[in-house]
Every structure is written in C-alpha cells, then in structure tokens.
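Look for chain A in each of the two complexes below; its partner is chain B in the first and chain C in the second.
Entry: the complex of A and B
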C-alpha cells in the first residue's frame, strides 16, 4: 500500500516536471512570435515604455498606417506580398520538381560517382547563403537579372534543391522497389509506375519537402536584401526594412508587417500538417 | 500456348556472375519450381524471365517469342513477390483491378474480373480495406488475386510463402496447387524450401551457385539424386552419407573397418580402391521388426541409439555409424532408451553410392 503510494507520488512529480520542461521550451519558442503579434496591436509609446506597461491597450494604428499612403508610414504591402508569393511558390514548385527527380535518381538508379555527387550537394548546403550574396550579385548584375523575380527564384531554387533531393531520396528509398516492379508487370511504363504508384505513396514526404522549401524561400532575407531593389521585386522580409529609418525603428509597423508575413505560412502549414506529420514519420509504407 | 524456354541464360553483375548459362524448357501448363539454397540465383533467373533484370547473355522465349528486349508489361506475365508489393495507397479492389485499369478495359469488365478473383481467393469481405489493414495471409491472397485477374500466360512466384507462419504456409501451399489445377497456367515458382518444391512441382529445377544441378520430377530427384548435394537437399531428414572405400570383394569398407556390400545398382560403376560415400535415407534404415522391408539385398548393422525423436506413427532414431551420425526410422515404435543397442536393417536396394571426390552418383547403367 505504502509502496504504491510513494510510487504514485513519484510518477505525479515526474509528470509535473515533464510539463514544466515542455512549458519552458514552448515559451522560448513562442514568446518572440507572441511578442510580435501583441506589439503589432500596441501604440508605439507602450512598446518602448520603460518600465513596461503591463495592461496593454489595443490599437489598429500600425495596420492602418501600413496600408495608408507613403507619407503616413505606409508601405506597398500588396506588392511585397505578391512578390513573396510569386517567388516562393514558383521556386518551391521548381525546386520540388528538380529535387524529386534527383532524389528518385539517387534512390533508384546506380550511376558513376553517385556518392560523390551526393556529398557535393550536401557540401553546397554548408556554404552560408550570405557568403554567396556578393558573387551572386555581381553575376546577376552582369546578366541583368538583379531586381527581378526570375533572379530571386533562380537563387532560391539552387538553395532548396540539395535539401529536397536529400529529403525525397530518403522517402523514395523507403518504398520497396518491388512496388514499381509490380506496377510494371501490371502493365505500366516506368513513367506510369512512378506517377501511379511511387509518387502517391511518397506524397506525404514530398509535401513536407515542399513545405520546407516554401518556408525557406518565404522567410529568406540575406540574399533577397542584396538581389532586390525596388517595389517590383522586394519580398516581405526585405519590406520589413522599410520601417527602419536612419535613427529610428518603427517597431509597431514592423510587427504588423511581420504578422502579415507569418499568417500565410501559418495557414499553409496548418493545411498540410496532416501530410507533414505523415511525411516526417514516414515508414508506414508496408506492402 | 505458353511454353517458356531459357537458352544459355547468363547474368553478370559487374565481375560477379550470378547465373551461369542456364537452359531449360518449360511446357505449357507446367508447374516448375526453382529451388536451391539462398543466393544460388533463383530470383535472378525469375526476374530475367519477368523482364525486371537485363539478360546479360542467352535467350528467354515465352510462347515461342524471344522476349529479351521486351519490357515486363509486354510479356503477359504476372508475378507474386516475397513482400507481396501491394500498392499501399489503394484498397484491395483497386489493387486487384489495377492492371486492367492500366490496360483501359471497360469498368464493367474490370468489376467482373475483380469479383471472380475475389471469389476464387475468398477476398469478398476485404474489398474496401487498405493493405495495411490486412494480415499476412490476406495480403498473400490479394497478391495472388492481383496476379490472376489479368489472365496472364505465365505466373511467376518468388518465395511467396516465406513471410508466413508455418501453419499458414501449409494452407497457402494447398491453395496455390488448387489454383494451378483450376487455371492451368504455366507457373514458375521460386523457393528455398525443398518441402514446397516437392509438394508443388510437376518438375523441380535444383540450382546451386548459378548452375542447374538436376531437373526432374520430385520423385526422380528423391529417388535418383545425381550427386550428394541433391541427395542431402531433397528429402527430410536429409540422406545419410557414410564414407568408405571399395574393396576387391565388392564391399564398401567404412572408416571403422565395418563392411557393407556395394548395392547391386552401383556394382558395375565402382572400381576397387575407389573412395565413395554410401547414401541411404532414414526410411531405409530401421530396427529389425520395425520397418517396411522389401526382399532383396540388405545389410544388418548393430548400432547404439544416441537419441530418439518420437513423431507418433514413427520414431526418428539417431545413431553413430563409422563416426558419422545417421538417422533411422522406427515404425510401430516402442520406447527406446538412449544408449540402447539395436540391430538395424539397411535396405541396400534403395541405397546410393557417390564418388567421394566428384560427389556424383555412381550407377551401373
């Protein structure tokens, strides 16, 4: 009896500690985001107040100003949003197409120098994007694709392909090769076998690779800040810089734009989360 | 009509050769089993017939047509894989109908064919399940159903039963045999299990290291193995092999000095001084009074039983003969205690003699 009781107490204590730990970790992850959202609804004086104001007031001023004319602190939100969408969606699509083909090839075919290529791709990932920004800038300037959607898309595709290859290679590797063989015996061409059997089976994995690629492009700042100049091509993260003046930073406006930037990514992730989880816990594919 | 012909078929993986020039004629409607230890090239051979593996050299013909350069879909074959390879994203109905759908057959025809296959294999209640929700035996059934739906010329099976437990395996073995009797197609079946080979095959092809060792009906392989490999691979328990040397008196002197007459079937084939192995099955070594004895040549041996395994209608006895453990069978068994000495009768009419160096069987004719 007594033994049971102490045992139960210990279990309860462990559970409490467990939740406390989780809470701390979640707090570290979530508080910056929360801070952004909350501050986008607070007057500037309150954001900067020292000591902090604990019972915040609510205002939509920052949003109003952001969508307002250029004179009153407005920024071309819709242009930035459009640029971000075009660049992220197109680069994700292209990167997934290329990455999927590459991943499939690595998973299914034998060819000379296979492991060399693979390591090379991964090494490419090790180079920080910023280090590439100057060479890219010079090359792009020569080619005349600075400040264009095309230039940025090109850079993002190159950035995302190695990662998508690596991910999709893993997913295709887990699909037994007998699956496409069975499909070929059932009358498919190699191409049909891929689209009818292997692609649907790996769909979750590919969706999660796509989400990763999309978020990388959506949030990318370092390269975009170098390769874009004008309203015609600046993406949302670069647009945030509009709120910094020589001596001041408009925190409230920045937060408001940041919220607008987070929303689409959040919604998209939410929509595909079922696939995301299935993709990340891949391996349930047994024939 | 769909006979399958292999003519000197070779498979090389780089420098390594997996299949060494195999030739084989399979008749229409024949059930042929490729059997042999793991790694002997059975799957590779089957996959070359299926078109899943390039043929390095030689020719494969199905129904008289050389198919070396045809993709699998143009060979009109079906294959059942060891891991079943069911499409995980389709339910049983879609799995069964997939090949007909790809062939763009009318939906009514697909439904009809799928229903027929489902009835034959007892899958009617599972049609809406995904493979993940099926047991091993059920998956096996669906895989077979998928194979029969399209009425192929040839069925290929690659170790289809090895992922099932012993009881299911026996049960499915019977179903496969029934299926063959029902549809009558040519079947090429790969297994490493000699029991499956014996029970299923019209003809067994026994392979080792990429070569065919012997081709024949199950009884031919059982009764007339061409060498010690076949003798020990086919049959359970494996054939006993005892070393000896032929004396000038027409006897085989075992390593302990004991002498046994050379079976008459081999007498003309042996020479004095030749090192041989005497082979006999447990069925042909029984304690006096506890066996099925045919008249004719026999030898009596006085052996100490080291172990007995009662199996009910018979008991398997282990004893040592010239330093080698041999197994005998006791019919109408009575309890035997370890160490007990018994007089055994060895039926020489059913015994075999193998050359010790080449391991080949020695027969007079």
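Entry: the complex of A and C
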C-alpha cells in the first residue's frame, strides 16, 4: 500500500517537473521575440520610462513613421524591403539551379575524388563572411559592382551553392535509379527523364533547400554591410543600423522594422516546415 | 580530336565557376595582400612585398592572442551548451503526448531570426537602462541598482553567450528530435524487459543512435560559426575595452576602421583556418558515426 503511494507520488512529481521544464524552455524561446513585437506597438516615451510601465498602451506610430518614410530619421524602408526581396529571390533561384545540377552530379555519377570534391566545396562555405568581405570589397570596388544588386546576388549565390548541393544530393540519392532508367527505356533523353521523373519526386527536397538559401540571403549581414553603401542596394539587415545614432537608438522604430523583417521568413517557414526538417536530416544522415 | 568533358564535370562546372570567381579568387588576392603592408588609403602599398611581417606582428600581438583564445573559448562553451540543451529539449518534447507539432514549430522560431536581429534584440533586452531584464530585476526588488549587462566585461560575455545559445540551440533540438522520431522502439522495450534502468537504456541505446544526428547539427553549425560576429558587433562591438573582442570583430576593425587591409587579411587567414578546422573535425566525426550505424551508400 505504502509503496504504491510513494510510487504514485513520484510519478506525479516527475510529471510536474516535466511540464515546468517544458514551460520554462518555451518561455525563454518565445519571450525575446514577443518582446520585440510588443515594443513595436508601444510609444517611445513608454519604452524609455523609468520606472518601467508594465501595462502597455497601443500605438501604430512606429509603423506609420516607418511606412511614411518621412518620420523619425526618414528610413527608406520600402527601398530596403525591395532590395532585400530582389537580392534574396534572384540569388536563391540561381543558387538552386546551380546547386541542383551539382547535387545531381554527386548523387548519380561515380568519379574519382568524389568525396574530396564534396568536402572541398563545403569548406568554401565555412569561410567566415567577415574574412571574405575584406578581399571581396576590394575586388568588387575594382570591378565597379560594389553597391549594386548584381554584386550582392553574386556573393550570395556563391555562399549558398555548397549547402544547396549538400541538401539536393541527399534527396536525389533517395530516388531509386530504376526510375530514370525506366524513363530512358521508354524513349526519354536523360534531360527529359530528369525534368519529367526525378525533378517532381525531389521537389520537396528542393523546396527545403530553397528555403535555406532564401533565409541565408535574407538574414545575411557581414557581407551586405560592406558591399552596399546607398539606399539603392542596402538590404534590411543593414537598414536596421539606420535606427542607431551615435549614442541613442530608436528602439520602437527598430522593433517595427524587425517585425517587418521576420514576417516573410516566418510565413515561408511555416508553409514548408515539414520539408525543412526532412531536408536537414536526409541530406546529412543518408548522404 | 578534342576530348569531351565527362558529364558529371559539366554538371558541376557552374558551381565550380561561381565559387572560384567569388570565393577562391578573392581569397588568393587576400593571401597575396597579407604579405604586403596594403592600406586602403594608400593603394600603392599593394605592390610592396614584406614577407611574413604581418604574420609576425600578429603572433607577437597579445591583443590578437586574447581575441583568438576568447573566440575558441566562446565557441567551445557555446557548442557544448547548445548540444546539451538541444538534447534536453528534444527529450522533453519527445515525452509530450499532445501538441507536439506546435512545440516543434515554436522550436524553429529562433532559426528564422537574422543574427543581426538577435544581436539587436538582446542589446535591447539587456540594456542597462530600458532593458527587460533590468526592469524585471528592479521591479521585483531582486536588485536595487541597474546591472551593467553590456558594460561590465564578464556580464557582457555572458549576455553574448546567451544570445548565441538562444539563436542556435534550436538547430540541435530539431535535429535530435528528428532522430528520436526515427528511432526503432524494439531495442528500448527489450532493454526494459531485461531490467535496464532508464539511464542505462538512454546511455547505451538512445545516445549511440542519436550521435549521427548530433554530428549533423554540429557540422551545420560549424559551417557558420562566424555568425557570432554579427551578434557581437551589434551588442558590444568588441567592447568594453576589448573584453568581448573576438577574432572576427578585431579583423573587421583592423580592416575597415584602421584601413590596414594587409594586416586584417593575415588575421582573416587565421580565422579561416580556425573555421576549417572545426568543419573538418565534425565532418570526420559525422562520417565515422554514419559508418558505425551502417548508413553509408
């Protein structure tokens, strides 16, 4: 009897601890992000108030100022948003095309020094952005493509290709070879077999690779901060710095831009989150 | 007659060309310039060869060694804690009986944040005047004075580590969770029948199965360790008085603020070697773990 009771109590205690631990973890993950969202709706006076004000009031001032353009500091948000979209979308598209053909080569052909090539490509991804930005800045300045969309797109494509190859390689490997062999017997060329048979099967994997490439370009700062100078090419991560002056930071405005920056990434990721996890694990484990 | 290039090479060619053009050639250029006293303000200095003097200067510079040591220390602490926390979170979520998908979605949240955004976010939260942490501490009476989170050297390092771990733990948690989902149930039940304690079956069955997943997460992370630059640059800029200086912030300052490109490129090469060492190490571990589980091919 007594033993049963202590056993049951212990079980209950473990359950409570489990729940508490989970709650704590989720709180730590969520609060910083929610704090940013909340503060983008609070007036600056309240953010700066000392002692702190705990029941928040609601205002759209920061958003109005941001989209009005003429507001505090006049940060040209629309230009930044446009630059970010153009650079991320184009570089993702090109990186996927190039990465797909590379991944296909690794998955379907046997050749000498294959793993050497593979690790070599990965090592280029490991070069820190800051270290690369120094020479890239000089080279791009000589070529006159600094402060242009083209220069930034070029840099991001090169940055994203290795990881795209890794992911697509893993996905193409999962597709049985018999599939395209059968298509070829039926009279398709290898090219047709790829587009009609293998590409549709691997589509979800390619989608997940695209999301990763997009997120990397969308969020990149170290290269963008050196390769862009003016409103014509600055992306949103660089634009965030516009809210900092020498000694003060416009926290509310910054939070509003942060919300604008995180929203597209959030939506995209929710749409494809299942593929995202599959992409990461299959690319690595079975690759 | 011209020999035709093999098909696999043609397929790889675009990738090779773009990486050669955008990464390899600049890197060769920076290798060359690391042997010159190149200054952005005086272009003619690019043609003066000074041999290994930049590297000698780095090796003799205690500020560089302090930054280097701190970088390795921060990375070691961060990667280990991220792995342990990720494992813990994955185990917690795996035990949950309902709402698992929602929890997993929440876990992915920090992955979408730009490192620079994470930096700003925690600069805001740890701000000594208007930050959330100090406001809570003072309102609840836990601390009378405002704690100088980003001004005191040790606290600043802690804040940076917190931001870094907040950002990157989810990669580990999600991959380890995927591993737990993929795990076969039979061995665990057999172990239970044979009288293994929960700890024993975790140590000898679950953990070995999870190892490849942990190493994938490590490899993905190690490709991107330099992301910490964005965070540090925003939160403290290497300050106060260089107490949070990492090799990347030191390099950026030497190159762009002091305009000493030659010297900065020499530092860049040290940092590249550091990143490559991390990546190669985890790649090796990954293929060893894969081979052990028979996952090759």
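Details
By definition in this document, the second predicted complex is superposed on the first by the 241 of 287 C-alpha atoms of A that agree within 3 Å, B and C clash if a C-alpha of one lies under 4 Å from a C-alpha of the other, contacts with A are read in each partner's own complex, and residues count from 1 in each chain.
We adopt the following convention: a contact is a pair of C-beta atoms (placed from the backbone, for glycine too) under 8 Å apart; a residue touches a chain by one contact, two chains touch by 3 or more.
Keep in mind the model is a prediction, meaning the values are calculated, not measured.
Aligning the two structures on chain A places chain B and chain C next to each other without any clash.
In the superposition on chain A, contact is made by A:222 with chain C only, not with chain B. Between chain B and chain C, C touches the greater number of residues of chain A. When both complexes are overlaid on chain A, the residue A:44 reaches neither chain B nor chain C.
Seen from the Cα centre of chain A, chain B and chain C lie 90° apart once the structures are superposed, a value rounded to the nearest 10.
In the superposition on chain A, A:184 makes contact with chain B only, not with chain C. By the document's definition of touching, neither partner reaches A:79: not chain B, not chain C. In this overlay, which is a superposition and not a single complex, chain B and chain C have their closest Cα atoms 15 Å apart.
Chain A uses residues 284-286 to touch chain B in one structure and chain C in the other.
Chain A makes touch with chain C in their complex at residues 18, 21-22, 25-26, 28-33, 35-36, 39, 47-48, 50-52, 54, 97-99, 101-102, 104-105, 108-109, 111, 117, 119, 121-136, 138-139, 154-155, 157-158, 161-163, 165, 215, 218-222, 226, 237, 240, 249, 251, 254-255, 258, 261-262, 265-266, 269-270, 273, 276-277, 280-281, 284-286. Looking at the complex, you find that chain B touches chain A at residues 50-52, 71-73, 77-79, 81, 83-89, 98-99, 102-103, 131-132, 139, 146, 150. Contact residues on chain C toward chain A in their complex (touch as defined above): 6-9, 11-12, 14-15, 18-19, 21-27, 29-30, 33, 40, 88-89, 92-93, 95-96, 103-117, 120-125, 129-130, 132, 135, 138-139, 166, 170, 174-175, 178-179, 182, 212-213, 216, 219-220, 222-223, 225-226, 229-230, 248, 251-252, 255-256, 261, 264-265, 268-269, 271-272, 275-276, 278-280, 283, 286, 290, 295.
If you check the complex, the residues on chain A that touch chain B are 176, 178-179, 181-189, 192, 196-197, 200-201, 203, 284-287.
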